[in-house]
Structures are given as C-alpha cells and as structure tokens.
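These notes open a run of structures that come right after.
Each of the two complexes below includes chain A, the first together with chain B, the second together with chain C.
The block that comes next holds the complex of A and B.
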C-alpha cells in the first residue's frame, strides 16, 4: 500500500515541474491523433524506448552512482528470450517478456555479486567486459541464431495483440507508453523507498553508509536487478517491434554507451533526467540523420553536429540538462 | 456571339491540352533508396548511390550513346514519360534506423518502392517493413542467401548471392589443382589444402562463413580456421595471428571497407605468406582498398562487375565511361549492381505501366530483362521461385578478379574466373608480404 502511495507521490517537485510533466503527458497521449509523419512516430517510439532504458540505468548509475556500461547484455537477454520463445515455441509476447525479465534479473544476480566487489573505473570496465563476453557467446550459439540472429515470423493477421505484430505504429506507441508510465511510477516509488534512500547514502559515501548498517553490496545488487528488469522489458519489446534481432544490434557496446549517455546527459540521479536526455538525443540523432545524412556532399555532417552538441552540454554542465535547471533554481533561491 | 463562344471553347481546349501536357511532363515516380552513406561502409555507400543516380539519369533522358532500351526514352514511357525521382537516405548500417527510414519513405514520402540496402542485416529489417505495408522492394546488392528464403511476396533480389559466389571460389581452387586457370600450371593439391577464413560477424559475414564451411566440406578442403570478427574492431592482429598459425594455402575473407584495409595491413605487418588471398567483394572491391597499390597485387575478389568487363561488353563500356566522367572512378561490383538494381526498377515500372503496388508485384514476377541490356555480364534478370527461394534472379553470375599492375602503373582487376572469360594470366602464388 505504501509502495503505491510512494509511486504517486510527486510532492517534492515544484508545481512548475508537475505542470510541464502533465502537459508532456497530454501531448504523448494525444500524439497519434495529432498530424504527424511516420518518421516522427518512429522517433517517438525510440524516445520512449530510450527513456525506459535510461530510467533503468538511472537506478544503478544515477541513484547508486555506479557507472554501468554493460546494459546492452540485458537488452539482448530480453530480446532473445522473446524471439527464441516466439520462433521456436510460438509463445506470445506477454508470456515471453516476463520470462525474459526473470532470466535477465537472474543473470544480473549471478554477475552482480562479483561485479560489485569492484569500484569506480574497475566496475565500469567489468560491466563492459561482461556485456561483450555475453555478446560473443551469443554470436557463436547456434540455438539463438548465432551472429545471423533471429527473425520473427510475420504472422500476417494484423493487428495481433498477443504477439505484438501491428501494421500501424500507433499500437506499438500506446503499448510502450503504458510501459513508460508504469516504469515512471515505479521509479518514483523507488526514489521514496528504503532502497532508494540507501542507494543515495551509498552514492554520497559508501563507508558512512556502511557504518549506518546498510548492506552496501546487497543494495547495489538489488538496484542492478531493478535496472536490468527495465532494459530486459524494452529488449523484449524491441524484438517484436523490429522483427529481427542480432547480437551486433541488441548487445553492442554502442547501445550500452548510448543508454548511459542519454541518462547522464539528461541528468543522472534525477527522475526526469533520463527522459530529458532521451527527448534531446533521440530526435536529434534521427532528424539530423534524416535531413543531412542523405544529402550529397553533407554525409557525416549530422554526426559532427550531434557530437558537438553532446560535447557542449557535457562541457557546460557535467550534471546534465537537469543539473542546469537545478543550477538556475539554486541561483534564484540564492543558494 | 457564336464566334465568341467558339473562341472561348478553343481557349478552354488549349488550356486543357497545355495543362494535360504539363501534367504528363511533371509526372514522377519516387523510388526510396537506402544506403550506408556514413560509418564503416560509407565508401561503398558513395558508389552505390552514384550507380543508382546514373541509372536514373539515363532513364530520365534520351541518350543516344547508350545501347539500352531505357536510354531511348525520356522517363517511363508506359507511364506518360514519368521521371524517376530518387529519395536517398542514409541508414548508417543500422538495421533499426533502416526500418524507421523505410517507414518514412513509404508513408511520408509515398515512394512507389524501395531500392537498397547493401548491408544484409539492414535489408532484412527494411524488407520486413515493406512486407508489412505491401510495398515492393528490389534489392541489388545484399548477398546473404537467407534473404530470399523467407517466402516474402514483396521482395526481389537481382544480385547472385553468397552461396553462388562461394561455390565459384571453390571451383577456382579445384581449377588451380587441375591446371584450368589461365597462365598457371596445375598446383599440387596439398599446397592449397589448408584454408583459413575470417568473416565479419553480422548477417552477411556469418552467412559467408557458413557457406565457406559447407563448401570446404563438400570439396574436401581442410578449414583450419573459420573465425568471426567485429568489422568495427580497431585491431585485428590476434585474428590474423590465429589465421597464420596453421600455415594455410589460402586465406579467405568477408570484410567491409575499413576492416578489409586493416586486415591487409595487419597481414603485411605480420609478414603472412599465403599462396592465395580471396575476398568476398564488399571491402575488397572499393576504391579505398585499391589505393593500397602494390600491397594488394595478387589478391582475389569476387565481384559481379570488373572494369575489364567493359572491354568485352559494349554497353558496359558505354556506361562505365559515363560513370567515370562523373565520379572519377570505374564502375565496381557495388556501383554496377546498384545501377542494375535501379535499371530493374525502371524496366519493371515500364512493364507495370503504373506505380500501383499490385501492378509492380505482377510485373516483377513476370519480367525478363535480356542480358544485353545490362552492364553486368549476366544472362539477364528473371525472378523465380525455385529451390526454396522466392524472388531471386536466376540469370545472375559471379566473377573472380585479381588485382594486377596495369600498363599505366596503376593497380586494376583482371578476370580469372570463369575460366572462359579470363582477361589475364593469374598470378600464383602471390608474392606475400
């Protein structure tokens, strides 16, 4: 009961934040009804996916302060569980998704235990290594299609809610939006939970947290498992949305870095940070590529601009966009 | 009064006639083109794009110097002279981005169909989008055999695929042992018996790796190493070292541009001494690769087009000359296939007489383009559903070329397989590094 109350407790945010969040929610709900291009819809779906990835990453990377650069391995576990179950045993998405989340969480406990014996850069490097090793294993594992990956069979009877196969993207959009809202509420509850406070204490000073009786190692493992559940859920969705997965696509280091970068750029350790990060980087990446990527003589310019903007934000405010907002508020309050 | 009425009717008729003529002239058919214009395969993307653009240019105006039917008309004649308009997008080698861009092309830009995508992994997701929306896609340059085994109704492929190409390689190896290769005496079997292969590990490379393994077994060669590697890898020395270790007679590769160059540089730095090096086109057939000059002398690459084809096929020479004028380089396997892909689109539209997807689908399934229309040395283009494949051109053919020093001191490709088309003596063994 308290968990549900916590999930809906946004009282620590100023009214302005809630007004903006409410307006954004109305916009998201109405988006498919507004005039839009299909590319805008595809971009919105990417935005929701990366917001969820970022929310998950934020639990361990933001609240617990552990820089995790290996999240793609769990995207892969979620995606592959759904794809394998669907291709081999014809299992619907709504069954394979929780199985994928459970497998990913199980794996996170197995590798989380030794991983959290490490700190700082060593931890970050270890997360990269575990992710790449798992990717390499998937690339030679014939049961999951090896490096060629798996292609989900087109069932043809659109719309198919059981197997998540739709002709029109707004179905995917609303399903993902429901996951996004559920994910947001869960994270909000997580912030107010005992584990949430423990993680922030750990982030501030591990030794002090330990002296207060907090089991630092176990707290980190639990936060890691929460983060894992998020990305595995989106991974399962990704398999159905894309109809095709391969290790290079779902488990690459690029994806791990992108997940971390979006959350950090938006503002790690804040509720809105990952959403802000995704809302800036996803459209920028898509539209710059679409506008400039195909222009003769301008190929690559989109990536230059994209990189320059990321560097600019990182240079001006290392705490990300949300850090800028808080800095402005702090100045107004005279803090 | 009657005179005024007559004048008004005449004026109205003239206006209608002019506007009808204007409409006919303004008619256009949009084709979405998806290629990797940035990233590791950007070099390939540039020539792929140039190939498609040249085909569109020839189709859109009468060109007396090109012996092709599409050069005789200005636009698609059966569609009132409709001009081909290409909408080119960069998928960066990313399957998800490719799928999103395909949706944009189909739903926002209202293209009649799609041409692309080079990377087999991207072609896979893009063709799945086309299948969902019932929009035709013609693929000219993706060679993963799996693409035409999915029973898709809206996907056709003009290029031969890796199963054919890999078989060609083993026929060449056997030909070497039997003394069939121009300029080479029969080579003892044990000299070539050990093979080592390295393929990039996406959809395309992993399929090539599988085909190499299958054919090595079938032709009874010992495949000592068959590894997969990341095309984006900044260092390939451990891969090359494990290939050198069993002292293979032949080294086989499936690489994109940057990794093909890195692979050869690493072979050189580690002083590899194979008797033969073969690349499965892609990176081994790019202008950047040729810039390595003498270092690549003797290396083989499979292709569907080599500049030497232009010497023996008139229409290839005509198009190659035009391509060279515009881009400063000869047509290669990628650009020639992209040209052929778009050319197929033009002939299909000509046959369909409409941009209606059903009419295009019917035309694709019925069309036969004679070989004399094509720049590539194929018997033609005819899509058939045979041997568990759907929409595969059954009249295609592969070539194997060898980099040799030309009279002008530049490196160029000479045909060594098929044996009856050989344009020069094969260099065997290669001098090594």
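The block that comes next holds the complex of A and C.
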C-alpha cells in the first residue's frame, strides 16, 4: 500500500541525515544498557515525550503554519481519561489510551470548528484561552479530583505491562521509544500524504489553496485532530509514568508553550525539527531547572531564558535549527 | 448547452457595483477573451464565477449545474480552474510540489500526483525547474508554474487573469503558442482577461468587453475593436469625434 511505502520513504533526505538518524537510533536503543544516572534516564523519557508532543504540534503548527498554543488541554484529556478509567473502573492503559485519544480528538473537532474561523494571532490567543478554560474546569470538577488531581492506584505486581506500572524506568523508556518510532513513521507518511501537501499549500497562500480544490477550514481541522491524537497519547502515558496528575502539570500554559517552542526551535514544518528541538531544550530544561531550583532567588529564570530563545528564533531563523542546516547546505531538501 | 453560462451576474462592494447584470457564455471548445479598462470589473467577475466571492445577484452555470451557491474549492473540483492576477510566491513548496497540489485534486496518491506534475511541467517546458523554489524563477516561468498547477487539476475550463502581464514580447509570443496548444491538444476551454491586446486577438474566438461593471460589447475580436463604444471606453470620449456609437 502506498501509505505504508510513504511512511518508510526517507529518500528526500541526503545520506548524511539518515546516517545521523541511524546513529541516534542505535544510541536510543542502547541507552538503558549504558551507564547512566536515574536523572539522565528521566531526562531521556522527557525527551521522547516532548519529541512526540512536538511531532504532533508540527502537523498543525509547522506544516499548516497555524501557531497553536493550547496543546496542553489535550495532554490533560489524555492523562485524565487514563487516570479516571484506571482509578474508577480498573481499565488498563492500552484501552484507556485510545479512548483518551478519541475523546481528545472529539473535543478538538468541537474546539477546532470555531477556532479555525480565526486567523493568525487571533487563532493563537484563542487556543490559549480554550486550554485555560478547560484547566479551570478540571480544577473545580470533583469527579476528576479537582485541583488536587488524581493518584493512580499501585497494583503491586511489577512489571505490569497492561497498566504500565514498572519499578524500573527502562520499561517506560522502551515503550515510549516504540511510540516514538511509530509516531515518527506516521508523520513521515503524513508529510507525503495529500493532506500533508495541502497543508503546506495552505501555509503558502490560502486563496490559491482554495482555488485548488482544498477545503481549507476542514484541512486545518483534520491536521489539528492529528496533532491532538499525538498529544493525548503522550498524556495518557504521562499519567501512568507519573502515577499522579494535576490540572497544573498537565494543562498549564507553560506546557503548551514548551510544546510549541520545542518544535519551533528545532524547525517548524520539518520532519526532524521537533526531535532536534526536544534534544536541545529538554536536557537544558532538566539540568537548568534542577540547578536553578537549588539557587535561592533564581527559580523562574528558566522562563526568561525560554523567552529569549523564542525571540532569537523569530529574529535569526524562523525555520529554527533545521532552517540553519538547510541554509548551510544552500538549498532546502527535506521537510 | 454552453460549458459556462454567466446569467445576469451582479456584484456589489458596499455602494460600488463592480459587476452589473453581466451575461455571456463560453462553449466547451471556445476561447473567450474578457477585456476592459482598469477597474472595469474583470477580476471581480472571475472571482464571482470561480466561487471566490458570493454573487450579489444572478446565476452561474457550469457543465449543466448551477454553481452559484458553491465555494471556490467545490467549483475547482467540478473542473473549473483559475489563476490569480497577483501571484504570491511564498516559499514552502518547490515547483514540482506546487504542481502536485493541483494534481491532488484528482488523486490521493503521491506517485500519481508526481507523475501528473512531471507531465505538465514537461508540457509547459519547465521540467528543469521542478526542484527549485518558486522565488528562484523569473516571472515568466513563475506564471508557467501557476498555469501548470491549475492544469494539473484536470479542468474543463481555465480562467486566466492577466497571465501575460509583465512579460516581454517574445515571452507573450511563447505563451500564446502554449495556450493554443493547451486548447487544441488538451481540449480545454479558456476564458482570459488581458490588457495585452495582441494576445487576446491571437487567441480569442470571441471577446466580451466590460466597462464600469457593465458589458458594453461582445463579438469576434476583429469586429469588437472597431466598435465605437469600445473605442470610447478605452480611449475616452474626446477621441471618438462626432460618433455616437452603439454596441
């Protein structure tokens, strides 16, 4: 089938890129076997999670060029679906994850329909607003634990592959790595799909896109749904990995901004961009955060640094690190 | 029945009537020129026909169907393609990818879209530019890319809004030959607006003349240019001494 061939088609990238990607993959596969601290392992897991968030964001924010700053609401829907279903009805992760994705996607259609009538900054602001409203609702909704959130019940028989409960982090790591690879292949197929091309045409010029038979509004909604599915999937995983979720850590504006920033720093609208972005920002955030946390009076400085990064991207290279690579090569090759 | 029938179409912008009850037809194997001075309402009429604007009055029929209520993207799928007068080439897609977007109107397959794109790039003589970005091409070639993109959507009728603007005489000549081939070999009907008169004269079987939103003349090119009303519209009253022409 062509969709499957597309997913494995990396032929528009030069050999060098694929060598680097292959080496990175070998490193990822081997990482748990290498000597590492538990902090490094936690950082790696964060890296994989944010890569997936970024890949999802990239469909709407990168390929379609619609800056979405409200992805956290769907992290929340995924995380809460898994948590609520596990706490109340004992439902395993592998069931609650697709349910969470479906609920999130359903919600994204309801939100997306009016949202995509808006353009540019208005769209970005509206995504923030919808996300914050959902967070506020969850904070006062007793069924989902209000502002305290939910604690997942420990089932005690480690390792539990059905409910994703492990004592050792490498189990989480490999499961997430599998999701990461599947997610990467899906996006690779996506960018080669009709929708992928149409989104880039929309980003170029909406009037021309419509004259070419593209239902711009509907295409954006579809891309938004794909982005949402990724983010909700990782949200479900996050609930199991953390054992404990709150509106503040799953649906905050910080998270929405971080997701967008990873992809933009690495290169919005390119396949590798979100991964490159996460590989830079996640370790920086982990190590900077833990170091700054220790220095009294400096907590919060990381936010200043993120702000500076955003300004730097906007001023120097809107296409991010990947844009710089392309500039050095003198020609855009892959997207 | 004609391929395209524009029936009493009007378009108002606030108080300004840009199109005033305009009617004409384009047959399935015809090339029709739509001319008129600046601001006559040609682009507006295109936009009404292509579903880009909702009309203020009247109806548009295409291929036996009332397309008046349809949106631009729906009209395109029925086989009515158009190019834009002002062609903005911002840069996310390469030339070949641009044309593929046109081809994706008819297929979901990247392989087929690519083959179709290559075919049209070849036909339009820009096969060597496939891997470039639009912004890297000179204007004449950019226009051909726009043409290729519209053609790749397999239209029955193509609306061309000033494709010759900004081209030199040799380029206009090449374009006329190309459009003639597209019409003859691919069997497309064409409706074109143009200020470059040689082009309209060389290509059109019939010409429709607009002035201030109204149709003032219609007929064979050679006759229309002799029409006093048309001359007056283009040159102003004082040049048509004594004549009180009627269309």
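The rule we apply is simple: the second predicted complex is superposed on the first by the 304 of 335 C-alpha atoms of A that agree within 3 Å, B and C clash if a C-alpha of one lies under 4 Å from a C-alpha of the other, contacts with A are read in each partner's own complex, and residues count from 1 in each chain.
Throughout what follows, a residue touches a chain if its C-beta (ideal position, glycine included) is under 8 Å from a C-beta of that chain, and two chains touch if they have at least 3 such contacts.
Since this is a predicted model, take the numbers as computed values, not measurements.
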{"item": "Residues of chain A touched, compared between chain B and chain C (which is higher)", "value": "B"}
{"item": "First, second, both or neither for A:207, with chain B first and chain C second", "value": "second"}
{"item": "Touching partner for A:226 - first (chain B), second (chain C), both, neither", "value": "neither"}
{"item": "First, second, both or neither for A:198, with chain B first and chain C second", "value": "second"}
{"item": "Contacts of A:7 with chain B and chain C, given as first, second, both or neither", "value": "neither"}
{"item": "Partner chain in contact with A:154 - chain B first, chain C second, else both or neither", "value": "first"}
{"item": "Contact residues of chain A, present in both the chain B and the chain C interface", "value": "none"}
{"item": "Footprint of chain B on chain A - complex, ascending", "value": "37-39, 41-43, 46, 139-140, 146-149, 151, 154, 158, 167, 169, 242-244, 246-249, 286, 289-290, 293-294, 296, 299-300, 302-303"}
{"item": "Chain C to chain A touching residues, read off their complex", "value": "50, 52, 71-74, 76-77, 81-82, 84, 88, 90-94, 97-98, 100-102, 104-105, 107-111, 113, 133, 149-150, 153"}
{"item": "Interfacial residue positions of chain B with respect to chain A in the complex", "value": "37-38, 42, 45-46, 49, 87-90, 92, 94-97, 99-101, 103-104, 106-108, 121, 124-125, 128, 131-133, 144, 146, 150, 201-203, 205-207, 209, 228, 230"}
{"item": "Touching residues (chain side chain A, partner chain C) in the complex", "value": "2, 6, 65, 192-194, 197-198, 200-201, 203-205, 207-216, 269, 332, 335"}
